[in-house]
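The structures come next, written out as structure tokens.
Across the two complexes that follow, chain A remains constant while its partner is chain B and subsequently chain C.
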Partner chain A sequence: MRKVAFAAVLVLLGGAFLPGLARDASASISLEKCTLCHGKPEFRKLLVDGQIRDLFVIGDTLAGSVHAKKVCTDCHFDVSEIPHREHPKRVTCTHCHYKGNHEGAPQSDNVLAYFDSIHGQAIARGNTKAPLCQDCHGNHRILKAKDPGSRVARVNVAETCGKCHMEIYAQFKGSIHGTALAKGIEEVPSCTGCHGEHRIYARKDPKSTVYSTHVSEQCSTCHGSIKIMGKFGIETEQVATYKESFHGVANQFGSRTVANCSSCHGVHDIRPPDDPLSMVNPKNVPKTCGKCHPGANPNFAVGKIHVDAKNKESGIIYWTATFFKWLTIGTMLALVAHIFLDMYGRTRRLRGER
Partner chain B sequence: MSRADLSAGKVIRMSLLFRIQHLILTVLLTLLAITGFALMYHENSLARWIIEFEGGVHNRGIVHRIAAVLLLANLVYHVFYMLFSREGKTELRLLFIVRQDINDFLQSLRYNLGMSKEYPRFGKYGYKEKFQYWGASGGIILISITGMMLWAEGFSMRFFPKFILDLALIIHGYQGLLGFVLLYLWHIYNVHLHPSSFPMNPSWITGKVSVEWLREEHPLEYEKLKEEGLL
Partner chain C sequence: MPEDDRKDPTRDAVEKEIEAAVNEQVSGLPPERAAALREKIRLRVREEIERDLRARTVSDRREAARLAKEARKKEKHAEEGDTYLRFNRNFRFQHMVMFSSVILLIITGMPLKFPNFILSRFVINFWGGIQHSTIVHRIGAGMLIYFMVHHFLYTILTRDGRRDFVLLLPKPADAKDIVHNIRHFLGKEPDKPRFGRFSYIEKFDYWAVYWGCIIMIGSGLFLWFETDVLRFLPKYALDVAHEMHSDEAMLATLAIVIWHFYNVHFNPDRFPGTLLWWHGRMSEHEMKEEHPLELEEILARRAKESAEVTNR
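Right, the complex of A and B next:
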């Protein structure tokens, strides 16, 4: 009887521990089995569109990545027999990366933000070309975003986005932001600096960070900061002067047709004003203004665009504003003085009559 | 002046046509001030509320321009009336600034400061009224020029560089402020809040003032009417 009980305990314990052992065993087997085919360097597939898909995977493929300790079937869990008869499905990251998961996989709300974004919505509508997590973060060699080697690191993300957004990437590379990024300047924005990371929306979506009424705010996160702009000798008053201008006021009150920063300076092709290709180069100003003001002529480029009447550098405009300010103050004082004098005199007159 | 008026001790100071022009001017200038300052001080929460109330910056501009056009129409009518009507011509002659006005101003200063015992004796329009009239007329003409430059910005930019329009904007705004101060501080005090007529000079509605008031404040006009046998 006792032996039976002992055996039962063993069986129970075995039931609890063996699956773990078996899993480890199956994992190592799995890798070995997978590399039977995938370990051959020439193992690749010709896709319908003529592209070649490299299917070469070895044991080191995941080494160094955040998933170094994972095995093939942890993600490709739909592969249940080897060789697999069917084409394995695309990997679903949320299989592990969900809130309260037992794997200890990091989870933030980014995945929810992604599902709401233009990319997530496109996927939901069945667009197979829209990016999933792995299209930006990479598949086997996923690194932390802070790691300079990561495909989503600030220095690399433009190239990653550029895989699909090729024309924009080409424009961006030639822009002041793109060239500064290539020089390794830390503060310069890449795609995600303006568009956001997971919360990317179409520019006509009011939720977008680059929606027409959000643009100036987005640019001002850096261009309104003396700390950042001071390093590069760029003025920060542009944002404030824009907000004071007719364009800026209309924009703040929700006009979507009025010019914002990028209407004049460009979007992905922003260049410094002294660059002949810049939209705000004095030679190009008539053309740029002409987009909204038909018949714009070189007069549009005479005088500062971002003019601040409170700044001495604005010359005649500053002096006129100052003149009027003191004229108004002076007139007010004179009028008030005259009113009080009049009251005083009148009181005396009335007293005299009595 | 009707017999009924005289027996009630009243004389006409503003004819009906002038009262209408004055009322239109009052309404339009107030409207222009509200819409204009809302834009000038758009950071202010009250200004924001006004702009939203008017239906956004675009509609605010339309209201401002309609009021401006009506104001100009009123001004053109007034100019023609002053130059060509019998009543207008008489009034215009009374409004010319003459040497006496400067003397009156200095005399009133001396009197108010206690350096003289004689208070100046004014005709129908004293230096204060004349200053107001020419100040307002000149101001409206000047602010209209900058206003029209800014309205037809595409047309203006054909002739002027951008900084001239920046200048026009500055002048337009500050001149509006100056005019507002003059009208709502000086004019309201002199005409309505002044102890002689507090709380209000009724002539802007009824057109009439009391003979007593006229004798006190505009003695030369009183004497002239008396000589003409109208009183």
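Right, the complex of A and C next:
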């Protein structure tokens, strides 16, 4: 009886394992087999829109990337026979990169953030042009973001975004941030510096880091920091003076129409004020202010915009503030003294003193 | 209980009357039906009587309350004397327009000066956000400008206005009064200075409002019509106006809340407040305390007038 039962268990186990083993064996199509076709340099396909898709892949393609140890079918797992009859589907990174995976693939909540973002929402709505992971991170040569060769490295990410957002990329390249980035300055923001990495939302979405009431916060993360701005000789008082101005106060109270940093300085085309193309160049100030204050004239540029009443350099504004400061202190001291003297006198009289 | 004693005789008489009427009705009926009818009539009549009594007690109570109030008034009158009209209706109306506009301006303006103060966001949201609180601020501004125009016309066109304006002009006697009053507070003078219609405190309040209105309305109009102003003036003129508007607002608010409120509402003579701004009348007692010279003038004028009437 025992032997029979043992045999039965073996048979059952074997039945359970064998098909799996067989599938594994058939599924692991070796790299050499793929490169039979894909290893030919002229292996490419003419798409319906006239574009040519290069399908040339060799054994070295993955070498050096984070997936160096992977084989083709680890990602293109829907290819199970050669030649594959059907067009392989787009690679799904979450096949491995999910929380608690056994591959040891790094995983984080970034994928969830991505699906909440404008790009993920567009994908969910069926927009085939919206980017998936591989559209930004690259397909075969994926490197860590810190690697300067990576497509999502700080120096390269603008170009990566620019593949789709071409006009904005062109504007950005000419801006002070773009030129500084080209010079290799470390602190300068690229696209992701302001828009976020995976959490990118439309600018009209209140969750966005560049929503009209969040812009000043976003700019002040760098422009409010003396440590960063000190390196480039840029003042940081603009942040405080903006927040004290009516524009800044109304913005903090949630006005979406009042001017924020980018209303005057530009968005992707921010240039230093001495640049004739800058929106805040005195020559262009009437036009810039005129967006909200119809009929603005060159007088808008006479005097400092980011004015600090506590700073002696502000001239007449400083003196006005000082005059009122001392007028208030003097008047209130006299009035409060009078009140206390009055109360003192009443107390004396209540006690019966004369 | 005295109330029951008062009611009892009425009730007894009524009971007797009912008894007689019921006896008349039930004569000739079988005894059990007679008893039922008797009970029914009794209940109905009692209900009626009680309602009547209830109504009478309510009106009695109201009457008593009214009499007590009048008695209190008389008592007070004996204590405080006649009342004198200090501010006429026109002046009271001006004051009300001004303080409602100033309250509106302060509560919609101060959050902009202190955006990080914890209540600022609440106040702004109360009006429905910054885009609406600025409209309320401009409504307040319009009211203040109206007040200013009204007061100019009042000063020029009415007899009371002209008289008050002249009386409000600072005089050397005011400086003496200040010294006198402070010496009085310190116990160096036995009596208060004897003020006329306007003491130096009230003169200060009046001219402070003048100064404040000119600064606030002037700079406020600059900020309201910024594009038109910038057609003629450079941008820093607007910054100066902004600074003035913000700083003078602080000074005016402090002066009103601390100084003016103490002098008219919160000082021990008046605490917790006066309704003078509403009825405009001052009792003889208050007049003797605060404006003895004016009271003397009024009494002298009245004596002269009545003498003229009798002589005629």
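The definition used in the following text is that the second predicted complex is superposed on the first by the 306 of 354 C-alpha atoms of A that agree within 3 Å, B and C clash if a C-alpha of one lies under 4 Å from a C-alpha of the other, contacts with A are read in each partner's own complex, and residues count from 1 in each chain.
Simple rule for what comes next: a contact is a pair of C-beta atoms (placed from the backbone, for glycine too) under 8 Å apart; a residue touches a chain by one contact, two chains touch by 3 or more.
Worth saying up front: this structure is predicted, and the values here are computed from it rather than measured.
Visitor: Please indicate which partner A:N101 is in contact with in the superposed arrangement: first for chain B, second for chain C, both, or neither.
Guide: After superposing on A, A:N101 lies clear of both chain B and chain C.
Visitor: Scan A:N127 for contacts with chain B and chain C and give back first, second, both or neither.
Guide: neither
Visitor: Look at A:N299 in the shared chain and tell me whether it touches chain B only, chain C only, both, or neither; answer first, second, both or neither.
Guide: It touches chain B and chain C both.
Visitor: Please indicate which partner A:L341 is in contact with in the superposed arrangement: first for chain B, second for chain C, both, or neither.
Guide: both
Visitor: Need the overlap of the two footprints on chain A, from chain B and from chain C, as residue ranges.
Guide: 249-250, 252-255, 293-297, 299-305, 307, 309, 316-317, 320-321, 324-325, 327-328, 331-332, 335-336, 338-339, 341-346, 348.
Visitor: Across the complex, what residues on chain A touch chain B?
Guide: Touch residues, chain A against chain B: 249-250, 252-255, 293-297, 299-305, 307, 309, 316-317, 320-321, 324-325, 327-328, 331-332, 335-336, 338-339, 341-346, 348-349.
Visitor: Enumerate the contact residues on chain A facing chain C in the complex.
Guide: Within the complex, chain A touches chain C at residues 243, 246, 249-250, 252-255, 257-258, 293-297, 299-305, 307, 309, 314-317, 320-321, 324-325, 327-328, 331-332, 335-336, 338-339, 341-346, 348, 353-354.
Visitor: Considering only the defined contacts, which chain B positions touch chain A in the complex?
Guide: 39, 42, 51-52, 56-58, 108-109, 111-114, 119, 153-154, 157-164, 166-167, 170-171, 174-175, 177-178, 181-182, 185-186, 189, 194-196
Visitor: Which residues of chain C touch chain A in the complex?
Guide: 111-112, 115, 120-121, 124, 129-131, 134, 182, 184-187, 190, 223, 226-227, 230-236, 239-240, 242-244, 247-248, 250-251, 254-255, 258-259, 262, 267-268
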